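Consider the two complexes below, in which chain A is the common component and chain B and chain C are the respective partners.
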Partner chain A sequence: MAEVLTRPAPARALRRPRIVARFGILALIVVAAAVGVLTWNVPGEPGSRAFWLAVNLRVVSVATIALVACCQAVATVLFHTATANRILTPSIMGFDALYVVMQTALVFFFGSSALSATDGLLKVVVQSVLMVGFATLLYGWLFAGRRGNLHIMLLVGVVLGVGFGSLSTVMQRLLTPSDFDVLSARLFGNLSNSDAEYLPWGALVVAVVLVIVWRARHRLDVLALGREASVNLGLAYRREVVGMLVLVAVLISVSTTMVGPMTFFGFLVATLAYQLAGSAQHRVVLPFAVLLGMATLLGGYFVLRHVFYAAGMLSIIIEFVGGVFFLVYLLRKGSL
Partner chain B sequence: MIVTAPSSRKLGHRVALPAAAAGVAALVVLSLFVGAYDLTADAFGGEMFFISRVPRTLALVLAGCAMAVSGLIMQLLTQNRFVEPSTTGTSEWAALGLLVTVLLAPGAPLLVRMVVASVAAFVGTMIFIGILRRISLRSSLVVPLIGIMLGAVVSAFTTYLAVSTNSLQMLGTWFMGSFTSIVRGRYEVLWVVAIVVLLVFLYADRITVAGLGRDIATSVGLDHTRVMLIGTGLVAVATGVTTVVVGFLPFLGLVVPNLVSMWRGDNARANLPWVCLGGVAIVVVCDIVGRVIRMPFEVPVSMILGVVGSAVFITLLLRMRARG
Partner chain C sequence: MISLTDVTMTYGDLTVLGPVTLDIPAGGVTALVGPNGAGKSTLLTIVGRLTTPTTGRVSVGGHDVSTTPGRTLAKTVSILRQENHFVTRLTVRELVGFGRFPHSQGRLNADDHAKVDEAIAFLDLTELSGRYLDQLSGGQRQRAYVAMVLAQDTDYILLDEPLNNLDMKHAVAMMGQLRRAADELGKTIVIVVHDINFAAAYADRIVALADGRVVHVGSPGDLMTSDTLEEVFGTPVEVRRDGPYPLAVYYR
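== the complex of A and B ==
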């Protein structure tokens, strides 16, 4: 399948150095920002015990940011490819609302002890299995049959997102205050205060998903050609789309657990990646989007934390910038 | 388009409307007597009735009517079944206008807030219609998707503004569509939307024709731009006032007109009374459920509406899919 898609040799030879150079620059920015976040303004001499203590504390923030950037960037690119549009983002489809409603239902029906009883590995496994199962059922069902229609599926997803949101708020209203406290502490972290215990498990899930995605990169290239072309080229179109949406659901659930919902960050990163990566192939776009996401989040975190002393504002500012970017993109684009 | 119903069913329809009106009236009366405060408990009950229950029920009727009719107008103007104030960003713009007023002029009277919110809603709706004109669409289902994303952008900005001025919590309580805090003296401005609904009755035919497009509208002698502006203005006023007094009421404008036109066809003016009644009935039922489900506490009506409305809307979509 790969042979079908690769360009004629001369064009590739010309393009490759440019792509490599762009990757290099981006990687440099990421490393510089990471080192900056880790070591800037640390009390104590470099190398001393106090220095390493402070750096170790900051490693959690950096790792969280890297993981979230990974999740959002890959999820958005996958979502764009699977649904053949570059406007919508996974969170508008209610993937994070799905996660919230599942967690709320757990507390609502089994009490807050259910939440603490399922910690660590068990929680991650149960949560991932539930997300995969539910997303497969839902999107498989919506997309099945002769009349399976992408636009109807999208719209149903959006409406479901709103419905799930209302449903979880109703359930949260009916909880006792102490249960609600436990739940809300679980549901939404933020960038500068994330759950260190969850980090390794989240990283594990994301790593598994990334391996699956990387192995599917050529199939994704075919998928991007659209329904007719991919069926023609022998791809099980419907199965691939549902599979990718399930992966998106898992990635978004990890990201939501770590830092809460983000609507436009993924859009910002994915759209810039399409423009700047220099190739439309997923083996280029996906890593580029991930690097770009890390550079944006780490850079923003560094600037806000050490220049403006307002680290808590980061996700809000990124959402706002992403939103403005979205509007400009929409107005410049001719058709949809 | 089914403009006239078959004559054999005409009699049935003539009886149906008063019957439905009576049913809705019964719901309204029920709403007057449901609540945490026992009206017969002491001598204060009668006074309580007029301070709290009557204003609340009137507000339910007015807001339900206004949002359902707003949905109908927007659907006529854009010739798209899936638009309503909450899927076009109109409500979010009204919220932004309200927040800006409160931040810039904290002491501004209710009237000023309403005017600013309505103006913001108008601007937002015009932006949405402008975007629709600029881009060519492959499917009518894309229209609400654009609108919802547009609303998300606006509410991201509103949230940013609220966080940077420490008013996020206030924002949450404001826009949670709820009739809990409606008492005498707080709902009277909602009568403005009664005027809006009346104007819609007068303008229904023109709005229908304007929705067919500039060329058709002009060729039958209609000032297309003017009717578009008036229609959008009516929606903006209704949305702005409702948002300021009550908050967001999601899905109402979507579900009610669609259900009515599935049953009765697309004659807008003949459907208008039905749309009003349907809007009132749904809001009143949701509010009663919200009051009863967890007595003596209340669940805001917008949450019940969100759950019920999304379920109904998805059923409609899937039925449409089944029919192709």
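== the complex of A and C ==
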């Protein structure tokens, strides 16, 4: 121990190349996986019309995956920073559950045909507005008031999440088997059949959010130190936290409307990013988490689609790995 | 000057502080002393705008704490709590660099780096500056937190039990460094201390609290009498004056 303590710490200058190298490796994996997904086993000669048709179809998948990885990674890191904890994730606040209850209610009241009949940009917009409205209301009301308290807000979020979940379960029990079948296909995230029409809008929204987040990167570093340090350093703490949580809601709503709920993916990516990025600063952690998310999703998609021919299973497997990882992390840490 | 006017803090029916009306002049070291639960830390966090008082007004260096923008206040007054735990893994240098946030908003320029180096050197942390906080002993970590507050370069510095976790040698060194910060850098330092003898040996002023009220304000020489200390702390105290500074003897 004494030797460890007296060993000179790596100088600042030495850490930078290491960070750059890690970014490079990750970027290579992302590019390789993306090219793999796009061109592997494409019917027709490279350069022919059939080839480009197939590749164009796959571009939608790759873009969706990239966007979802972006949303989940950034949302989870933001959520961790805003709440100064590293275990809770946005889904625990009931965002995914809200999406599930909205879809279920639609089928419950109007039948499964309503699900496909109402698909389109309008529904996406309405859904996003509802989710963001819910977030703003919950955070604004619970947290910004005079007696506002982060822990109470989190607790209410958890309770609401469970409540939404139960409500969905009750409605699902009462559905006909065929309706339920259509609904459950919708509720499990599926990366390979997302809506191309929604993609540009989602990308636009995410781009705006990312610009805001990037400009706030130094304030986020401070925010991660918790309330007292943030106030001491002159941050408008409540406003910052509520603002960040609303951004989280926007990102999660985009991701959920595109591929359905994902519970542990963000946690997996964010936690690995903290371990591997080599710096705690948001200007390093955020892009690293995004790249890691893309590498995980694209790599997994490539392997499952072209090696095991089971692309639809990807989110299930990632959730499984993420869930196990979450439990291991929790057990090793020993407390919340 | 730090000035409090009719400040109270209540939780439901329980009044933990006040009403307190108190002026702490600029310059020097002021020690807040008193038994557990007297309201010392509450008073300090109210001045440091971490806690909003139930009633009353507080101003620091002419800025009203409740209405002045955070950024302006952060360049006027800094506060360090007793318990500091961060989820992010930081090196000493990164931590101290955060002290410059009110001035640079995170983009540290050459001047900021100089101030960071200065604060690190002031607390003898230069050799540890690349070390992560979780690789330090409790005392080293405590010094790193104080260095961050010094780097913030505010006229007013509030410290809640800065001697926590420090052994005899480092406690003496810390008080010496705070004394130097007041004398050489012209800072106004307000600290909460448990050991009345440290307060007596280093402070210019002692503010004694009991049951949420200020019971005595004065120089160490005025306050260090057996009667006053027994009244404040509620335990038998003998005061010796045969050394360089008055010494309270209360251990048995």
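Basically, the second predicted complex is superposed on the first by the 258 of 336 C-alpha atoms of A that agree within 3 Å, B and C clash if a C-alpha of one lies under 4 Å from a C-alpha of the other, contacts with A are read in each partner's own complex, and residues count from 1 in each chain.
As a convention for this text, a contact is a pair of C-beta atoms (placed from the backbone, for glycine too) under 8 Å apart; a residue touches a chain by one contact, two chains touch by 3 or more.
None of the values given here were measured: they were computed from a predicted structure.
Set against each other, chain B and chain C touch different numbers of residues in chain A, with B touching more. In the superposition on chain A, A:278 contacts neither chain B nor chain C.
In the superposition on chain A, A:167 contacts chain B only, with no contact to chain C. Judged by the touch definition given at the top, the superposed model places A:86 against chain C, while chain B stays out of reach. In the superposition on chain A, contact of A:222 is made with chain C only, not with chain B. By the touch criterion defined above, A:111 lies against neither chain B nor chain C after alignment on the C-alpha atoms of chain A.
Judged by the touch definition given at the top, the superposed model places A:231 against chain C, while chain B stays out of reach. Considering their complex, residues 4-5, 8-12, 80, 84-86, 146, 217-219, 221-222, 224-229, 231-236, 274, 280-281 of chain A touch chain C. For chain A in complex with chain B, the touching residues are 87-88, 92, 147, 149, 151-152, 154-156, 158-160, 162-163, 165-167, 169-170, 173-174, 263-264, 313, 316-317, 319-320, 322-324, 326-327, 330-331, 333-336. Put simply, chain C touches chain A in their complex at residues 48-50, 52, 69-75, 78-81, 84-91, 93-94, 98-99, 101-102, 105-107, 128, 130-132, 135, 152. The touching residues of chain B, when paired with chain A in their complex, are 82, 131, 134-139, 141-142, 144-146, 148-150, 152-154, 156-157, 159-160, 163-164, 250-251, 293-294, 297, 299, 302-307, 309-311, 313-314, 317-318, 320-322, 324.
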